[in-house]
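Heads up, the next two complexes both have chain A, just with different partners, chain B and then chain C.
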Partner chain A sequence: MSSGLQAAIAILKKDLLLEFRGKEGFLSNLFFGLMVLLLFTFAFDPSSEALRQGKAAIFWIAVAFASVLTLNRTFQRESADRAIDALALLPVDPAWIFLGKFLGNLALITLLMLLIFPLFMVFFNLTVTSRFWLLSAVCLLTALGLSCVGTLFAAMAESSRLREVVLSIMMYPITIPVLIAAVQLTQQAIKLTGEIENWHWLTLLLIFDAIFLAAALVIFDYVLGE
Partner chain B sequence: MQPPVVELVQVDKIFGTQPVLRNIALSFQQKERLLLYGPNGAGKSTLLKIIASLSSPTSGSVLFYGSRDGLARYRSQMGYLGHSTSLYPDLTGEENLIFFGRLRGVPGDRSRQWLERVGLSGSASQRRVRFYSAGMKQRLAVARVMLHDPEILLLDEPFNALDARFVKLFSQWIQEKTVVLVTHQLDLGWPLASRAFEVRDGQIRETPMAGSSPQHELGLI
Partner chain C sequence: MRAMLLVLLYPAMLFALYCAFILAPPEREMGEVQRIFYFHISAAWLCMLAFFILFLFSVVYLLTGNRTYDVWASSSAEIGVIFASLVLITGPLWAKPVWNTWWTWDPRLTTFLILWLIYVAYLLLRANMPESDKKYKLSAVFGILGFIDVPIVFMSIRWWRTIHPVVITSTGMNLDPDMKAAMFVALAAFTLFYVILMLLRMGQKKLDYEISLRLGGL
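Right, the complex of A and B next:
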């Protein structure tokens, strides 16, 4: 196994261990996401057209808000006692360090989705259809996009005293295309009948993920420096 | 003659509008042990960070083994202990060392050996670092730095919070290494050094090693 891959796996394992050891972080994010879902459920008349058309958006608002709280902690552990210095001085390409952190965030955001989605189905009276594969693909590609942009911007924001605010300000505008695509495709996936339209949103998700992952791997070296 | 391990050529460092280092020229060979001393805010730690490749100079250049391409080799042979311990407070002592070992391909057995050497084996190794005393954290940080058996050690106030017995032990471990040491404790640092530099107002000046340390001359110890 290459030393870079070994380092990425070690960082991933360490991040997951610390996340689940300090359960309060993940659980509070999850409950925040569920609360957003619950409030929107009661905010609309169950029979209204607005709710029928906006279901998917409500799910993704809950996921986006809960995710940014998770992403905020990405480099906090590293900077608490400057462990980031030890990572920055490793004799491996910094892209491996990014990969370790990114995969940790991807796992956590995917888990958030997996836990929020069943309640979303219950609150909005949805059933599992043959389009479940589309929903799974959309969730995975959106989690990839959010984790990739979020990990990169969390590293950039870490040196700021207002890192929580800075991350949100930087991340939401950039991830708007991902969230719009996710809403459009989820709306299609939870429909019981009719043709699936707007496949270009899936292409957009794929292109967004590919571009940002490649860019993050290249520029992380500069982000990790001063 | 081999190229120097690190060579700083006309290095300046400016934070905002504040110059911290000015026109620094410094190089050292393998097995040399450099001592950097001087008043607070003189730029010692900033200089050490530039030597460690953690910080880039505003102008001037830093060469590793005679070129800019020697950085990966340099980093694989270097251990850096800064002001902070670079440990994870919510991992145990053992988990910290095993993690940092894995990052550099060091087997878990060697991590446990180092825990024993720094006197943190047994129940101490299973406690979270958050609950360690300052001295225990510093010992673990020393173990973290020594774990991959680095040839070059860059140490910023490494004796802080360490007891006399451990300082003696640590001083023995670094005798055969290439060392750049920043310390105010000249009584500990001076006997270890082969060259000494005073850092003052962002500039460095080599101090002759013959005789006693400047602290002795000033009657401070």
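Right, the complex of A and C next:
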């Protein structure tokens, strides 16, 4: 096994271990996400046409808000004792460090979705359908896009003041295509009837993920270190 | 050179005003309100130019590490955001009497709004970082990613909006020759304006840097 891959796996393991030992961080984010979901149920009349059309958007707003909080912790963890400098000194290509951090965030954001979705189903009276696989694909591809852009920007925001705000300000405009595609596809997936149309949204998600993953791997070198 | 260009700019701007308000005929349907178009389109062109320069010099900065290129990129970003804001102000001013609405979620408008948000984020990222090579590097990275993102945003919003009925289609572009002339004069004058603003802002930044060097040296 190459030393780069070893470093990536070590970082991934360490981050996940820290998250599961110190559950308060993840749990706070999860409850924040659920709170957003709940607030939307109060904002709209549950039987209204507007809500029927916009259910998917509510789920993705909750996920987007909760994800940013999770992403914020990616490099905050490393700021104690300036561990980030030690990371930068690792004798491997920085792309591996990005990969480790990115996979950790991917796991956490996917978990967030998995935990928020059941409650979303209950509140908005949905049934799991044969389109479950489409939903899974959308969730995974969106998690991929959000965690890729998010990990890169979290590393950038880390050296700024007001890093939490800076991360959200940078991340939301850039990831708008992902969120639009996710909402469109989810709307299709939770419908019980009708043909599934607009496959091109899946293509858009794939293109976005591919472009930003490639860009992040190339550019992370400039982000890490002084 | 800056003084020379300034001397050129005053007559150029006056001429652009003359063309827009006197030479160009009033539009048949929209009337006088259409005259804002010359400034709207010039501002839009300018901010596209500015953001392209930002992207270009961000790449060059990352490749060379020469601080001068960061000055180019960041000055261009500031000017770009000012003109993008002008586009977002002049657009609704025209749209209210003509479309009878301030704003519509048309692909071009929506993409432009997101473009504006991306570059405001660029400026905010810079504003929140202490002066260092790291700041220049990170803003260059964001300048590049933002530019890559714009076509994807446009594509996604076009798809998103074509699903819904389009309430207002874009107006035709069959322009009267005098109108066309007024448009090109305005474009030229604004481009000159951009060059002058760039020179001013870059000069300021250079002075700022020299002062900080002196103060640091004391």
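Some notes on this structure:
To be clear about the criterion, the second predicted complex is superposed on the first by the 226 of 226 C-alpha atoms of A that agree within 3 Å, B and C clash if a C-alpha of one lies under 4 Å from a C-alpha of the other, contacts with A are read in each partner's own complex, and residues count from 1 in each chain.
Just so we're on the same page, contacts are C-beta pairs under 8 Å (C-beta built on N, C-alpha and C of every residue); 3 or more make two chains touch, one makes a residue touch a chain.
Computed from a predicted model, the values in this text were never measured in an experiment.
Of the two partner chains placed by the overlay, neither chain B nor chain C lies in contact with A:Thr151.
Of the two partner chains placed by the overlay, neither chain B nor chain C lies in contact with A:Thr74. When the two structures are aligned on the shared chain, A:Thr142 is found in touch with neither chain B nor chain C.
In the superposition on chain A, A:Ser3 makes contact with chain B only, not with chain C.
Touch criterion not met for A:Asn29: it reaches neither chain B nor chain C. Legend: residue contacts after superposition of the two complexes on their common chain; A:Gln187 is shown touching neither chain B nor chain C.
By the touch criterion defined above, A:Asn105 lies against neither chain B nor chain C after alignment on the C-alpha atoms of chain A. Common to the chain B-facing and chain C-facing surfaces of chain A are residues 226. Residues 52-56, 72-73, 75-76, 78, 80, 82-91, 95, 99-100, 102-105, 144 of chain B touch chain A in their complex.
Across the complex, chain B is touched by residues 3, 6-7, 9-11, 14, 17-18, 21-22, 77, 80-91, 225-226 of chain A. Only residues 62, 114, 117-118, 120-121, 124-125, 128-129, 132-135, 137-138, 140-142, 144-146, 148-149, 152-153, 155-157, 159-160, 163 of chain C touch chain A when the two sit together in their complex.
Chain contact summary for the complex, chain A toward chain C: residues 152, 156-157, 159-163, 166, 169-170, 172-174, 176-177, 180-181, 184, 198, 200-201, 204, 207-208, 211-212, 215, 219, 222-223, 226.
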